[in-house]
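What follows is subunit A paired twice: with subunit B in the first complex and subunit C in the second.
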Partner chain A sequence: MIGVLASRLLWAIPTMLAIITLAFFMMRIAPGGPFDGERAMTAEVKANLERAYKLDKPVYVQYGHYLAGVVQGDFGPSFQYRDQSVSGLIRQGLGPSLLVGGLAVSLAFVMGMALGITAATHQGGVVDRLTMALASLGLALPSFVIAPLLALAFGVGLRLFPVAGWGTAAHLALPVFALSIPYAASIARLTRGGILATTSAPFVRTARAKNVSPARILWRHILPQAIMPVVSYLGPSAAGVLTGSVVIETIFQIPGIGRYFVQGALNRDFTLVMGVVIVYAAMIIVFNLLVDLVLQRLDPRTRSTA
Partner chain B sequence: MAIWRVSLAGLFTGSALCNGKPMRPLLICFAIFFSGCGGPIDRPAREDKTHIVRVNDDEVRTLDPHKVSIVTDGRVVGDLFQGLIDLDVSGRPIPGQAQSWSVSDDGLTWVFILRPDLVWSDATPLSAEDFVYSFRRLVLPATAAPYANLVNGWVGARAILKGEAPAERLGVTALDSQTLEIQLIRPEPALLNMLAYAALVPVPRHVIAKHGDAWSRPGTLIGNGAYTLSSWRRQASMEMVKNRRFHAADSVALDRVTYVPISDEMAAVRQFRAGEVDIVPDFPGTMAAVLEQQLGDQVHIGPYLTTFYWVFNTTKPPFDSPAVRRALSMSVDREAIIKSIMRTGNAPAYAMVPPDTGSYGPAHLPDWASWPLEARRTEAKRLLEAVGITPASRLEVVHRYNTSDTYQRIALAIGQMWAELGVDLVLFNSETAVHYAALRSGDYVLGRAGWAADYAAPENFLFVFASASKGLNYPRYRNPRYDELLDAAVSESDVPTRMALMRQAEAILIEDSPILPIFYYVSKYLVADDVTGWSPNVLSAHRSRWLGFAP
Partner chain C sequence: MPRAAFWIFMAVVILCFVGPFLLPFSAGQMDLLDTYAPPSLASGHLLGTDALGRDVLARVLEAGRVSLAVGFAATLASSLIGVFYGAVAGYRGGTTDQLMMRFVDVVYALPFMFFVIVLMVIVGRQVWLIFVAIAAVEWLTMARIVRGQTASLRQMDFIKAAHAMGLRDGVIIRRHIVPNLATPVVIFATLSVPQAVMIESFLSFLGLGVQEPLSSWGSMIQQGVADMEFAPWLLIAPAAAMVVTLVCLTVLGDAARDRLDKRAT
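Here is the complex of A and B:
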């Protein structure tokens, strides 16, 4: 177990290096630079800016410089937010993204499981069809449609929650719900599918034959098996949700890091994009590792080989 | 298509409150999608009359005035700092940290007398030396100030900016602790307007000496404006409280100002309707009519010193021919674009300098601007046929623009207007950074651009197309006569003569048509009806020090 963990973590180092290198050079290959904005600059001013950010140096020198910084935990200065370091920006933004994302994943898990179990236990019936239709709708409606609708209905209309902003628990309600919808929908479908696939498995038939109660069969025998696709799905998607959603963060004004990814890329804020890429990549690596560990616990077949 | 339009309009206008009474959520969703009711909205008024919440159109990028490059930053810097000159409620220059000034007869030497007993928000005295330090820091190459070129007309500035001279060579001297002298290489009648700009406020040298580049972060930032920064949660809100040490603190009505960054215009409108914010600095032009219906005179649309135009690459055929450029410019029906696409009553542009820019007066109009559209098209056809472009021969032109629905629609409209002349417009969009990199490097034939005034002076628009304007002169326009006239104009201290020379220069520019001006922008604001001290102005400058609430 510890051996697996150590080797996986060791592998993470070349993986991260490859990601950083690829992202770094892809950013530089893209046309347009951080100072090609709507507001034009005179040649002298632009030259001074490029010098200040060492953009006048050859790209490989910049790369070496950047890597050396990253190893020491310094992601460099942001090009766009000029008096801020990228590390500082990420430190400030990660908390809100993790909070909203964590709550959304939890809510999605609870809602999705509940809907999935309900649908599976009423297979073929009206409840099943309704639940699955709801799940399809949740998957199909993009968050830039759902989020403003929620804000209009519960914020402007009913005045139950703030339309947008940050600071109190009430501010979390709408973004967390909006963010959780598509994930809840996926989880509901995966749970339903998983349960139905497991129901006909030999060990379930054996349990039935031994007259085990249906509830115990569901919770003790079917679910641990049926939940595996959900766990595999949750890993990478949790990494995505936790690092922030640009749409949700923009519409509800959440001070997270999701917006930095898109804005940074559009503004060619090289260091900011790199910083977010590194955080995102690290999260994916960690979550995939967690998923594998959980799957090992859930599946008796993998336990002996581990 | 039509149905989608209706539902989209519903989505954005969402009359969830048809008659002031809340409805059930499902009903609201339907109402939103199929709304036909656009009656007035009952917006809750603010209870705390000492605290205003303003929307900023994006996250502030820096609070270091020397690093400011966008309006978003300038807006808050204007509350936290004050330059020698400030702007009144109408955007006109008024005494700021300076109480009076005088200018020499040749217009080259200005002397400013500071108000007595000025202090920074931490009570450190503020003297003329602070201004000397600040102006030098602005032009130092190491500062890399995006607006350093504003002071190009000051003695020594350009050489320092290029790293060819030490900062001490800048023509700014503290004659004593309360007297500051600025020396110019050419007269600058608009100097006062310029001095009100965010990049020309003083920065606290005692704080910068201690904290270096990190001085402008919350906790260390010290200013001299009407407000001081109390907290800043990035992407959430910026809180300011009244600066009791501000020289005019007694006249500042509001104790607290909150700026919330909202880049999604629709989200800002929703928050305004919910009464969560009091001033919104922009909204989608397509919503103007609906908002006016719902919010009445809380909607403000006014002229703004910014020009929307297309640029021709004058080094590439067929746009190396002034006649072709002029013909295409002539044949564009600006009124139609404004009426059906912009829908915010913009003024049509036939020239670069917007109307009422400083002392410039009305905008320049080429003679053809007053012709009927048919006559303009006939003349355009004649000019094009002379160089072999006819409806039968077809000329394909690629138009580059930075991705935006509005720009795309404008391009489609113009493409249609040109089709009958034998010109086929091909649209090519890219993201902002790519677009401007292409314009800058000349990798285009026809492109979209815009220019906003940093301060109200015509030279601020016209210098863009001088041969020496490297990096700004996208059309690569070169006309020695234009350069000469512009040089003569900026060397002239007599304002009427100066303006006359500028008008002559602009007449040449428009005759040569390296640009195709289309319209002048408008500023679009939502301002709660109980807010006082707000007045529309062409600079779109609204200092919080003037704001208050009606009792």
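Here is the complex of A and C:
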């Protein structure tokens, strides 16, 4: 297990390096500098600015400098927010983003499992069909359609929750729910499928023959097996959660890194966009690693025999 | 279900492309004395007006043209790339195949939306670049499917016969392989149209997609969110259009896939 972890971590290094390099050069080949859009400035001022941000050096020097900075957790100064560093901005935004994202994934897991179990235990009935139709709807609609409609219904219409903003627990309700919907839908489908596939397995029939109660069969025999596809789905879904959080943070005006990302993209703030991409990539790698570890614990076949 | 979805979707397409000619207002026609008018029959603004007094119904239909056109064009582009790439990899086999598909695997694992956004930042916001960005994301799955089909087609007698007759590889791929890929390609293309529509609207929603005076459902939803507290129709109209379209396309795609699965088994 330690070996697997070590080799995975080792693989993460070239992956991260590739992403950083790609991000750096994609940004450098961009036509138009970050200072082009503003009021015309004299050549002198521009030269000074470029010197201050090291834009006058050859590209490979910039690259080396950037890489050395990233390793130490320094993504350079932000082009747009003049007096702040990108690392500082990301540190500010990381808390709200992780809070909303973490809560959304947990909620999706709970809602999805509950719906999936309900559907599977009522297989073929009205409840089953209704749940699965809802799940299809949740999967077909993107978050930038669902989230505004939720805000309109529960925020503007019913006035149950604040429409946007940040600060109190009530502010969390709509963004967390909106972000969790597509994942809850996927998890519900996977849970239902997993349970139905396991119900006909020989060990379940044996348990039934031994007169084990249906509840115990479900929780102790079927679910540990049926949960595997759900857990392996969580890994690749991390990228989707992050994409969703960009939209959710924009709609609900949450001061997270997703909003900095969009702001940076709109303002051509190269260092900020690169910094967020690198942080996102690192988060995806770490999350996939965690999922693999959990999968290994769950599946006896992948446990080492030693 | 699929039949109903097909006809509803056709109705949406016809409304978007023909509807604007039948309305008394054009999408760009402003009326600064009649901004934020709620939907009403009397004024003729069936879905109300926006911040500049433009008719929302006309705008939704015009935006639908953009969303649907981008969706179909991007699917076409990504299908062409995917079919060509997959057919070459599957037909060549061996090391070429291994290398080409390994590349697909690597690109597949990247968090794509972010690279699309970075791409849009770099190259600027132009409509044709949205096609490129979407095609760059969508061709991968098509390449995988086509590669698998081609690899099994390659073993068929008629391909061996073509080979024995001395036909060049390019001709065999074009004349014998590609026509036999039609069914899975068409089905997968059906599935990727809603994806393409979604990606375009996602970019436009963030302000990185189509720019004024053009608008798509995504950019209309973005504007609708800003004004939803006092003019909810600005959000409901484009969102409803998007919901209907995506649900129909998804139902159609699922039905097409079921049909393919049945044929395969």
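Of note:
Just so we're on the same page, the second predicted complex is superposed on the first by the 274 of 306 C-alpha atoms of A that agree within 3 Å, B and C clash if a C-alpha of one lies under 4 Å from a C-alpha of the other, contacts with A are read in each partner's own complex, and residues count from 1 in each chain.
By definition in this document, a residue touches a chain if its C-beta (ideal position, glycine included) is under 8 Å from a C-beta of that chain, and two chains touch if they have at least 3 such contacts.
What you see is a predicted model; the values in this text were computed from it and never measured.
Touch criterion not met for A:68: it reaches neither subunit B nor subunit C.
Of the two partner chains placed by the overlay, only subunit C lies in contact with A:142; subunit B stays clear of it.
In the superposed model, A:284 lies in contact with subunit C only, and not with subunit B. In the superposition on chain A, contact of A:261 is made with subunit C only, not with subunit B.
In the superposed pair of complexes, A:23 makes contact with subunit C only, with no contact to subunit B. The wider contact with subunit A, measured as residues touched, comes from B rather than the other of subunit B and subunit C. Of the two partner chains placed by the overlay, only subunit B lies in contact with A:253; subunit C stays clear of it.
Looking at the shared chain after the overlay, A:242 reaches subunit C, while subunit B stays out of its contact range. In the superposed pair of complexes, A:59 makes contact with neither subunit B nor subunit C.
Of the two partner chains placed around the shared chain by superposition, subunit C is the only one that A:273 touches, whereas subunit B remains out of contact.
Shared interface residues of subunit A, touching subunit B in one complex and subunit C in the other, are 30-32, 145, 148-149, 151-152, 156, 163, 250-251, 266, 268.
Note for the complex: subunit C touches subunit A at residues 110-115, 117-124, 194, 198, 201-202, 205-208, 218, 221, 224-225, 228-229, 232, 235-236, 239, 242-243, 246-247, 250, 254. Across the complex, subunit B is touched by residues 30-34, 36-46, 48-49, 51-53, 80-84, 89, 92-93, 96, 145, 148-149, 151-159, 162-167, 249-256, 259, 266-268 of subunit A. Put simply, subunit A touches subunit C in their complex at residues 19, 22-23, 26-27, 29-32, 136-137, 139-142, 144-145, 148-149, 151-152, 156, 163, 239, 242-243, 246-247, 250-251, 261-262, 265-266, 268, 273, 277, 280-281, 284. Residues 11-12, 14, 16-17, 22-23, 25, 28-29, 32, 59, 61-64, 67, 69-70, 141-149, 158, 161-163, 213-217, 233-237, 260-264, 266-267, 270-271, 273-274, 276, 402, 431-438, 440, 450-452, 464, 469-472, 474 of subunit B touch subunit A in their complex.
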